[in-house]
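Presented sequentially are two complexes of subunit A, the first with subunit B as partner and the second with subunit C.
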Partner chain A sequence: MKEKKKDSTAVRGGTASTSRASISGPVPRQDAPGKISGVASYIGDLCFEGMLYARTLRSTVPRARIVSIDIPAMPEGYFVVDARDVPGKNGVHMLTDEQPFFAEERVNYVGEPILLVTGPERGKIDQILRGIRVEYEEIPPVFGEEDSKNPRIPPLFGERNLFCEYEIRRGEVEEAFFDADFVFEGCYHTGAQEHVYLEPQGTAGVFDGERVTVYGSMQCPYYVKTALVGGLGWKEDRIRVVQATTGGAFGGKEEYPSIIAGHVAFAAIKTGRPVLLVFDRAEDVVCTTKRHPSLIRMRTAVDDRGAIRGMEIDIALDGGAYVGLSPVVLQRAMFAATGVYRIPCIRVKGRVFATNSVPTGAFRGFGAPQAFFAVEMHMHSLAEKLRKDPLEFKRSYLLSMGDPTVTDGRMKQEVPLPRMIDRLCKLSGYEKKHRAYKKEKTRRGIGVSLFFHGCAFTGSGEKDKIKAKVLLKKEDDESVSILVSNVEMGQGAQTTLKKIVAETLGCGLERVRYDNPDTDRVPDSGPTVASRTVMIVGGLLAKAAGRLKRRMDEKGEVKIEERYVQPPHIEWDQDTFTGDAYPVYSWGANAVEVEVDPVTFEVRVIGVWGIYDVGTPIDERIVGGQIEGGISQGLGYATIELLQKENGRLRQKNLTDYIIPSSMDFPDPVYELFSSSYEHGPFGAKCAGELPFVGVAPAVAAAVQNAIGRPVRRLPVSPEYLFEAEHDED
Partner chain B sequence: MVTQNVVYRPGSLEEAYRLRTDTGALPLAGGTDLMVRYRKTAGLVPDPGRPVLFIGHLKDLRRVEERAEEVRIGSCTTYTELLSQKAVPEILKRCITLLASPPIRNRGTVGGNICNSSPAGDTLPVLHALECSLVLGNIRGERTVPIDRFITGPGENALSEDEILKEIVIPKAAFSGWCYRKIGTRRANALAKISFAGLYLIESGEVHDIRIAIGAVAPTVVRSREIEKTIIRIPRTSLQRSTVEMAARYRPLIRPITDQRSTTGYRAGVTLVLIEQFLTAVLQKKG
Partner chain C sequence: MKIKFTVNGRPETVDTDPMRRLLDVLRDDFGFLGVKEGCGEGECGACSVLVNGEIVFSCITPVGTVEGSEILTIEGYRNTERYRAIEAAMEEAGGVQCGFCTPGFVLAAEALLRKNPHPSEDEIREGISGNLCRCTGYSGIVEGIKKAAESEGVW
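After this line comes the complex of A and B, so read on.
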């Protein structure tokens, strides 16, 4: 039964015109030798003379006023570091700075940091922590959106307990619903998800009497630096941030490291010694960000010919205790709310509500996976209601060039989905299988999902907020240094960015240097997020390399700076959410085949297929790695990764209980790349990092729906959920 | 240091018994449960708060001996070692191939699985169904206890403070077939939500023996000789109840909890169907 992928690096582009770009051929990964040999220094490998360890005292209750903290006398050489040791503002700067580095008067979630204990011996630190008594006066906590309406529960944020609330309208949506023959409705839930980067979070702080340096496992050195500027209240030139080799991130190291960067900086200043803070896995699971759980209500107005007239979509995300990046996550979810479909008129409402639980945050896909699950299942179920084949129905609504997006921007490029779907059907045998499984009681099913990912920052973020700047420097020794703040975190940036520069210069890869970013050396080219590194930062490096190429004969050092300029085709109004939310889109189509055990309701995945258009792949093997990893992570999210909250506490607290897939759980995926070319991306590249995750779950859910003949409305599609769904109906 | 970790590594079983009596040290074979249970902050040595007695290396505890009436398994025989032993029943081997992952099977021992006495212990339903008994030794001698009287509750058993589990004795019995199913969340390295072991013997069209043992659905393994007796040596044509009714008799015994891995409803519902399916399969066999 096991289907082998024919060749993971094969690119069989559907467009006859695109021949394989020379840059796409795979090269050895630049970060592999150091990681495989053990030479690479992860944060836990760092050791400084006189270094102290640190561990965090955390809130054990979801919501309370701190009445008192009883700290026993400290042995010599041991220190407590808390809010009183924050020289600047006790607020971690992200979109706002309302989340404290250390809780002061109140705690708002289980796991919120209250203080650090630092000292030379870890066993002693644990003993001291066990001796500290915190007296709480508990406040009724907010656990769900419904609690916001309970007058006995004081709101956690603002008056209505909402971090943000938006509405987008396009067209005469009331009219569409007024004229509708019927309205098709559905509610779609998705659960939280843990990143499970291999390396838990960690930072180290060093203070030399004048400047502070923070080392850390991170995606965004300048986010960390900005947060330190706020927390220390110091000038930027006294703060240095250095990325340590980072063992995976998936968005989990976008905003969180800023908190613990502050912790080690304050501790290093207070103690005058270097301080290392590295989480255990269980601690990491309890206190770091998660994917936003969602509840999406969809209503579709259908006319008497069975055609869609309009859609109303209501998106609610659980933000946890602090706003973090939630508004931006919600925006991405809203901008993907109608999926890859042309819907005449729409109203999309969205909000993020506050709860007394661990904050949710950035995670591969960033709101889009929740939206695509809802819209794909909704379109699938509507097709079934109309007695139409789901894929044929979806095909008849596909966006094409010139069509309006949710935000009334225009699809500026060709939408390659029709050809991708043809290829997907051919590879997977979808049409025949879907018909057969619908009729037979085999408990087998096959499902398809169609999706996009908007490349890089949402809206005008690149132009107005990030303003990326890169430096390319020819050194005295004729080597060329890439000076950017983007990090290698396992995704392949060291390889792809070097390739872009080397290929442009026409030199060998070995001549290009790209070390872990150090804010003393590199300009702010923005965070390593939003699948932007290759397209935006790589694009700037390609431009810089083009300019450097003409000056390579000059003696000595040559420095080229390049700054981001928004492509002229983008129009965007951030206040009204109108225009082109993204400069360009990458596209994907997945098919998943499953078998559902009739007794245990376990979902066995027996086939996975994917067709992707990421523009020109800068390295086919690296893109293949993103695809295979994204599929595995997506299959886990869809089927087994259950992360439940009970009274504000996570039920699954470690990797024994929070189950991610093993290599035995799923078959090897079969996939191909379609290479359209994007004129503003380096060598025609678009985005690839998040896309492969986005479509997996809806394809699984559609396959299960096909197999069991009942609607699937929830992720993960766990055996318990299917069991209960079947028995509720009986 | 906070505590001094005292560790003993005896040269013989005799010495192990003596150290166990003298110090009350905690026996540690493969450590795959204990090292997790007593783990501390990364970088610190696990500390059970009392001395530790390494026994996993003792040759006397690490052997499989086949006798005429029984198979005797040393308590510290690793799962991997059991897989290569001809005398080990196939149902136990099947259970082991679904247990944890190769590295854990290389360290973990069947005696450790028994003494950990977790309701979800993978080998326990199989050992219950095989009606194995346990040889417990101390400096004064040995006693033998049936496994269903040894494990008394979650993490609780009849091992005395001076005893060490020495051997697992599996009586030889003829079976026409067996069934083992583990319902975990993934295909490797998962704790069981339900584990099911079934054995049967059919001769001349009659069920001569049937044993059903289920793990992870009650504080200890569920097995009912009383219900089994209603099937044994009764001509199939005279069976008064349908298999669904027979399975339903297990309902009061199946008392699973809702926890981080599964729900009461799922565990109970699926268990009853597993029992029913096994009974149906057995009663359809021609003997």
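After this line comes the complex of A and C, so read on.
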């Protein structure tokens, strides 16, 4: 038996700060017993009296006009549900409502829903679906940005196939480039990524003759409700949305569930029976959102002393067939475009182009991972060009308090990166290894990435769009109910929110209740996205609990409402993207050590280290779980998760050919928390969910660059890419 | 076709198509909903059950092949002392997040520990390599199984 590497404390990783907040110690995870024992009820486990099943007929072509649909006579008890059964607008509300619930005259991607077949037996439904013939008149599809210029391909969106286009400028960037001694350029590509939440998506619809209730695996009950209001054309009070235990989401269940919530609602109304729609994995892969593939061009003006004078960055994201959340993803990418560095003047241009392929959307990191990959690799390569050590070079440009951000806001808090880097180097042995691997040509390498994540919604989104409202209710039986629309999806919200309330009230956890959100019971405290749940919603709950504490002696029910108020230090202009893009930042530094196989070009990860500042961790074990899971997902993104499109079709179809990390693939990460305290977060908490994903890929790529002595400019760092990179004559 | 087997200690007979997936029979006919479908093709292990003590993907197992076998799902296993040891260890180690994969991992742990009560970390990692988890990065699960193995007199 191997000797145990760690001591037997409950938490892997450690806390580097001298004082540890009392709330940070781990407590029993509230949802664990039901999940371990198999009692927890996920969407596919729901069963209603007289329930029907449903399955979707999807487009098999990337772009076409639907000429006709030939549907054989339906056996008794089986129904077709399509666009004609949408009582309101056939458009799923997100930022816009252009994406239809069901395609009508046209299809725009392989996998686009056309109709639903519903009935009592799943085998029979499949048989009926196989008998339906759709005649298409194909239209030349848009597969890439270059197709926008081809006059024979009609544009898919607007005249130029662009869902959105933005530009940010700060300082005299033309002057910087005019005065430059040389301009350093680089082009960085990242691929699509599949979420692979272990539980495929699903919804159930129930209609009682007056009201419709939709159950689902979801992150955002009120996004779903708003989409149903539009699709049904009904008043809000006739619509109820209930979250079922959600088996992982990672952003994949942010906007997508609204589509299938509509499907089951329309089907339930048409059939008068409850309808359950649960995807199998292959269907989930075909039709749900992916991480945006990106192409980022970076140009840096360098003066004769080797100092950076300015940067020009051009970000292009593939949005797929419908706009979805792409503009916001792009904004987050742009606001992270210069990474953690102080750059005197900048121009950042960004656009999302339309293609006839499955829409891309929210995924942990939300545009930031692409931007950090580009800027980290660019800075690394520029340092090498200047014959400087990459980490020392990066260190000399670190942002510090008072410095301007991309959007000309100000860093309002201390930037703890210098201390974090020191600690990271000590833990990983970076400096010595990096020098040795550079010399020795052992095909080993070590790389470092430095990154942040802007906490919560971008800009004034929390104040102007979300307007979160929470309720805390002392019940007759003296228990306290948390009433929020934020869901437990594996990230630990149930435990952390309860902890915040119990700690504020000074009562035991068992006294605080949290049930899966049901829009009939909970106010709209916003979506479970953007790493906002603890900082924003938890912050409101802490305030509410503070008020409730003074009234705990009152007899009977006491209800406390709390609404979001923007902290006074934030200044933001959404029209010009000027000011503080985020209320505060969480920080991270990763080191990754790799070995590249000289024959197969496979990248073997030998070690992973991380230092994080997420403010006060509300529960170290839960934050540790976010770190370990985020790193694993990031290592997959960086190395093995290849999702390719070929003529508008995904080449990977399921978990046999889309490979995610297994227990054998990567070593356990070693990490520590550096806890600063944020005055507007509950107990000083900032954000933690997305941050651990963001820096992994650039650290892997930098390590590979160190190992092979060639620039790495593409994710994933696949054997095929490395083979090409090493045989590239340039 | 009539197929006889034991599920969670109870002898059962089903009259069904022998090519039906064991997963569907367990969920739809018996209501053992702790058996999850994550991929439907034997890649993710969410549907894991024990058949005569061996870990099996019920999504690629035709029910006809389990004639005469003893099947254990999480619903049967959760009443055992060994389950309680694994449950406590998984909770303590942070081996649970979204939970969809968890019953499968618990049964994979049982299949491993009943043969090898003191596995090394590498043996644990190999033992659960047929099960996928997207939330934890496996650190918590591996440590949970290590801790469970330390339970005195259980294995």
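We take it that the second predicted complex is superposed on the first by the 710 of 730 C-alpha atoms of A that agree within 3 Å, B and C clash if a C-alpha of one lies under 4 Å from a C-alpha of the other, contacts with A are read in each partner's own complex, and residues count from 1 in each chain.
As a working rule, a residue touches a chain if its C-beta (ideal position, glycine included) is under 8 Å from a C-beta of that chain, and two chains touch if they have at least 3 such contacts.
Quick caveat: nothing in here was measured; it's all calculated off a predicted structure.
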Identify the partner contact of A:D280: answer first if only subunit B is touched, second if only subunit C is, both if each is, neither if none is. both
Now for A:Q574: first (subunit B), second (subunit C), both, or neither, which partner does it touch? neither
With the two structures laid over each other on chain A, which partner does A:Q566 touch: subunit B (first), subunit C (second), both, or neither? neither
For A:D45, is the partner it touches subunit B (first), subunit C (second), both, or none of the two (neither)? second
Which partner, subunit B or subunit C, is in contact with more residues of subunit A? C
Return first, second, both or neither, reflecting whether A:S677 touches subunit B, subunit C, both chains, or no partner chain. neither
Scan A:T245 for contacts with subunit B and subunit C and give back first, second, both or neither. second
Between subunit B (first) and subunit C (second), which, if any, makes contact with A:Q491: first, second, both or neither? second
First, second, both or neither for A:S37, with subunit B first and subunit C second: second
Classify the contacts of A:M664 with the two partner chains as first (subunit B alone), second (subunit C alone), both, or neither. both
Subunit B and subunit C contact sites that coincide on subunit A, given as residue numbers: 44, 280, 656, 660-662, 664
How about subunit A: which of its residues touch subunit B in the complex? 44, 53, 55, 121-127, 278, 280, 599-602, 640, 642, 644, 651-653, 656-657, 659-662, 664-665, 719-720, 723-724, 727
Of all residues in subunit C, which touch subunit A in the complex? 32-41, 43-44, 46, 73-75, 78, 83, 86-87, 90-94, 96-103, 106, 118, 120-122, 124-126, 128-129, 131-143, 146
Which bits of subunit B are touching subunit A when the two form their complex? 1-2, 36, 40-44, 101, 183, 185-191, 194, 259-263, 265-266, 269-270, 273-274, 277
Which stretch or stretches of subunit A touch subunit C in the complex? 1-2, 4, 10-12, 26, 28-29, 31-42, 44-45, 195-200, 245-250, 280-282, 489-492, 621-622, 624-625, 628-633, 654-656, 660-664, 666, 668-669
